[in-house]
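Just dropping this structure here.
Naming follows writing order (A, B, C, D, E and F), and every chain is counted from residue 1.
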Amino acid sequence: MPYQKLTHFDESGRAKMVDVTDKSVTDRKAVANGSVHMKPETLQLIQQGKVKKGDVLSVAQVAGIMGAKRTPDLIPMCHPLMLTGVNMDFNIEEKPDERGLAVISITASVKTKGQTGVEMEALTAVSVAALTIYDMCKAADKDMILGEIFLSSKSGGKSGTYERGGD
Amino acid sequence: MPYQKLTHFDESGRAKMVDVTDKSVTDRKAVANGSVHMKPETLQLIQQGKVKKGDVLSVAQVAGIMGAKRTPDLIPMCHPLMLTGVNMDFNIEEKPDERGLAVISITASVKTKGQTGVEMEALTAVSVAALTIYDMCKAADKDMILGEIFLSSKSGGKSGTYERGGD
Amino acid sequence: MPYQKLTHFDESGRAKMVDVTDKSVTDRKAVANGSVHMKPETLQLIQQGKVKKGDVLSVAQVAGIMGAKRTPDLIPMCHPLMLTGVNMDFNIEEKPDERGLAVISITASVKTKGQTGVEMEALTAVSVAALTIYDMCKAADKDMILGEIFLSSKSGGKSGTYERGGD
Amino acid sequence: MPYQKLTHFDESGRAKMVDVTDKSVTDRKAVANGSVHMKPETLQLIQQGKVKKGDVLSVAQVAGIMGAKRTPDLIPMCHPLMLTGVNMDFNIEEKPDERGLAVISITASVKTKGQTGVEMEALTAVSVAALTIYDMCKAADKDMILGEIFLSSKSGGKSGTYERGGD
Amino acid sequence: MPYQKLTHFDESGRAKMVDVTDKSVTDRKAVANGSVHMKPETLQLIQQGKVKKGDVLSVAQVAGIMGAKRTPDLIPMCHPLMLTGVNMDFNIEEKPDERGLAVISITASVKTKGQTGVEMEALTAVSVAALTIYDMCKAADKDMILGEIFLSSKSGGKSGTYERGGD
Amino acid sequence: MPYQKLTHFDESGRAKMVDVTDKSVTDRKAVANGSVHMKPETLQLIQQGKVKKGDVLSVAQVAGIMGAKRTPDLIPMCHPLMLTGVNMDFNIEEKPDERGLAVISITASVKTKGQTGVEMEALTAVSVAALTIYDMCKAADKDMILGEIFLSSKSGGKSGTYERGGD
C-alpha cells in the first residue's frame, strides 16, 4: 500500500496549512475514544459526587465540548471549522483494567459540513475531557492515567469512510 | 490512607475554582509523559521528513509549549498561572510496542513560582503535542494511537514531592 | 402552547452541542438590548470625556463587537459561526430611570448566513459593551448597574421571526 | 463628593491600561450579583432537567468560572490577573418577580492576590453564567431577561472596602 | 480618483463590522510580505542553529500560521473566516540592506472560500512570524528591526484583483 | 563583543520556553515604535473621520492594548506576564516620508512587575495597532505600508537598561 505523502509540509520542507480550497463541502463526522484509569476509591468519590456533592463528568463534558471548539487554536495546522454538532458520552466500565484500576471510557462525536474532516476535533474533545477528569480528582489520586486515545471512525470527504480495525 | 475530599466542589455540590489565596508562593515543577504509537512506515516518514522535508516533532514541540500556556482556557477549574519555563522532549523508542507499533515518547516539564502546581500544564503540553503529531501524520496513518499520558513527578507546594510509583 | 424540549441535552441527560448539520443555510439576524444605569455625575464625566479626554462609548463599541466574535468561546453549547456583520448603537436616554439614575441604552445587531441563529452573539455583544462601560467608569462610580438585557428580535431559520412582545 | 478622574484615559484623551506597577499586592475579593427571569414553565423545565435529564445550572456554573478567567480578553482596559478562587452560586427565588416571571439569582465571588481588584471578573462571571442559562433554554423561551447585574461588595486595595448600599 | 468611503464606520460615526451578508462566496487569496533586519552575526546564529541547535524559522512559521487563524481575535472589525490554506515562506537575502544589516524576508499566502478577503490574515501572519523571529533572537540582538510589511496581491471578491505597484 | 547564546533552544536543539524561575521580580518597562504610511488622501479621511464619522486611531488604540495582552498566545516562546500598564500614542507626522506618503507613527509603552521583560508585548501592541489602521482604511487604500517596527528602550531585569542607538 503506497503511503500518501505527508500533506502538512510544503516543497521546501516547512510546515503549512494544507490548501483545501478546492475540496467539496460535505457532511463530515468523526468519533474518537479514550479513557481515564484510576483507583477504585477515586471512582467511588466521583460516583458519590454525582449524587451528593457534584458531578465530575458534567464538568468534563462541558470542557470536552468547549475543547472541540478550540482545536484550531491548539493544533497548529488544523483548519478552522464551523462545527455543527458535538456529543460526548462517558461510561463507567464494569470491570477494572488489567492493573485493577477502575475505568471511565469517553466517546466524542463531532460533525461539520465543510471542506475538511473533524478527526482532530473529536480527538481533542476526548483529550480535554480526560484532562478535566484528572484535574478534578488529582487532589485525591495523582496516579490516574489518561488511557489510549484514538479515532474510531470518520465519514465524509474524498478519503471516504474510515472504521478502526476495518480493512 | 484517608482520601482528601474532592476540593473542586463547594458545599452545595457545584464545581468551583478552589481558593488558593492563602497558599504560599513556592517554586513548583511537574513532569508528565505520553507517547504516540504508529505504523513503522509512518515513523519512517517522520524521520525522513526531519532531514528532507520538514520536522513533525518541531511543530509538535511548539504546539505543546503553546498548549501549556492555554491550560486555564481549556481546563475549567484550573487557576491561571505565570509559567516560568516549559521544556519538551521527544524520543523515538528503539523497540516497537507489543503490537509492533513504533513509539515516539513525549516528556513535558513545566515550572512556575506560584500558589498552585503545574501538573495540568505538563499533562496538557503532552496531550497537545501528541494530538499535533497525529494531525500532521493522519493523511498517512489514521490508526495512530495516543498512548497513556500520566504525571511522572511534581515538586513544590504543601502536598510536597510526588514521584510516580513512589510510596 | 406546548414547550419544545430543551434541545441542549442528550438522551442520558448530559449537555451537548445540538446537531444542526441538516439545517439549511439562511440569512439570520438578531437584535439585543441592554443598558447601564449610573449617577448623573458619572454620565457627565463620560459626556465630557467624549469631547475633552476620551470616549468611553467608543471603547465599549469595540469591546462589544469583539465580544460578539468570542461568543462560542464563552457560551459552552454555542456553535461557532462566521458573523457577517455586527453593529452597535449607544443612546443616552433623556430621562433618568425611576431611581433617578442616568441611563445609557445599548443595542447590538448581528447578522450571519448560517445554520443557527445569532441571538447569543447579540446578547453577548450587549453584555460585553455594558461591562466595558462599567470598567471604564468604576473608579468614579462603583454603584453602576447593568440594566436588563434581552432579545428584541430575530429573523431567519426554521423557527422564523421573533419580535419581543409580539404574539 | 469630588469624583476621581476617569483613570482609563491618558492626557491626550485616549484610552490606556492604567499603570498599577506601584500598587501593593494585597488580597482582593469581589462579589457580584445578577439574575435570569423566565416563564414559570421554563423554570420547571430546568428543575426537571436537574433530576431527569441534565443540569442547566451546572453548565452555567462552569461557563461563569471560565468566563471570569477570560475577563482581560474581553474587557479592553482590564489588567490580566491570576485569580486564586472563583465561586458561583445559583438560587431559585421562591417568589416570582413583579411581572410574574420566575427568577434564578446568580452570585459570583472572585479572589486574587494582586495589584488590582477583581470587580470585573465577578461581574463577567455573572454575565456569562446568565447568558449560558439563556442559551440553554432559548429553544423554549426567547422572552427570558437577564436581570440587573451589579457589584455587591469588594475588599482589598487602596480604595478599601465597598459595600453596596453602604455609605 | 474618487475614494470609497471608509466602510468601517456607521452613520453615527462609530466603528462597526461591515455587513457582508449579501456578498457572494468566492475563492479569495492574499499575499503579504515583510522582513526582519539584523546584525550579520545574528543571522549566522540562526543559520547555525538550523543545523546544530534548532530552527528559528520553523518556530516562526508555526507562529505565523497560527497567527493567521487568530486574526479576528486581534483586529477588531475583521470578520471571522474559515481559512482554507496558509503557506509561509522565509528567504535569507543574499545582500545586506543599505544599513549593512542582514535580511530575512517573509511571505505569507492565505486562501479562503468566503464573503470577505484575507488581506488581514496574510498581513497578520507576516507580522506574527516577524515578531517571533525577534523574540527568539532578542537575547543576542535587541537592535533587530521588523521591516516594512505590505500587501503584495489579492484576488477574489467584488473589488477584483489587486497587484502592488499595478495600476 | 561575544554574543549570548540563543536561549530559546535546549541542548538537543529544540525550542523551549526559557526557565526564568530563578530570576528576580523587578519593575520592567519597554517602549516600541512603528508607523503606518499611506496616501495623503487616506490620512485626510482618517482625520476627517475623527471629527465627522469615527476615529480610526481610537479603534487602533484599543486593539493595540488588547494585542499586548494576547502576546503569550501569539509568540510561542513568550512567558505569560501580568501587565501592569499599557499606553499607546499615535502621532501624525507633519512631513511625508521620502516617497511622499503620509505617516502615522505609533508608540507603545508596556510595564510589568515580573521575572521577564515586556519587549514582545510592546512590539506586539505596535504591530496590532498598525494592522488595525490598515484594516480600517483598506477599502480606500490597499497600498498602505506598515513601516519599520523596533524596540526603543527597555529597563529592568538583569540585562539592565537598553536604549536604541546607545552603546
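We adopt the following convention: contacts are C-beta pairs under 8 Å (C-beta built on N, C-alpha and C of every residue); 3 or more make two chains touch, one makes a residue touch a chain.
Nothing here was measured: the structure is a model prediction, and the numbers come from that model.
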Legend entry - Touching both chain A and chain F (chains): B, C, D, E
Inset, instruction - Compute the centre of every chain as the mean of its C-alpha atoms, then state which one is farthest from the centre of chain B. - result: C
Legend entry - Equivalent interface positions on chain B and chain F, same or different at half: different
Legend entry - Distance between the centres, which are taken as Cα means, of chain E and chain A, whole angstrom: 32
Inset, instruction - State, to the nearest whole Å, the distance from the C-alpha centre of chain E to the C-alpha centre of chain F. - result: 15
Inset, instruction - Between chain D and chain E, tell me the centre distance in angstrom, where each centre is the average of that chain's C-alpha atoms. - result: 38
Inset, instruction - Hunt down the residues of chain D that sit against at least two other chains at once, touch-wise. - result: 10, 14-15, 55, 58-59, 62-63, 66, 70, 73, 76-77, 80-82
Legend entry - Pairs of chains in contact (touch as defined earlier), listed by label: A-B, A-C, A-D, A-E, B-D, B-E, B-F, C-D, C-E, C-F, D-F, E-F
Inset, instruction - Spell out the residues on chain A that touch chain E in their complex, using ranges where they run on. - result: 10, 12, 14-21, 23, 72-73, 76-77, 79-82, 114-115
Legend entry - Contact footprint of chain A on chain E as seen in their complex: 27, 57-58, 61-62, 65-66, 68-70, 80-90, 111-113
Legend entry - Complex contacts: residues of chain A adjacent to chain D: 55, 58-59, 62-63, 66
Inset, instruction - Please name which positions on chain A make contact with chain B in the complex. - result: 3-11, 13-15, 34, 41-42, 45-46, 49, 52-56, 59, 62-63, 66-67, 70, 73-78, 119-120, 123-124, 127-128, 130-132, 134-151, 154, 162, 164
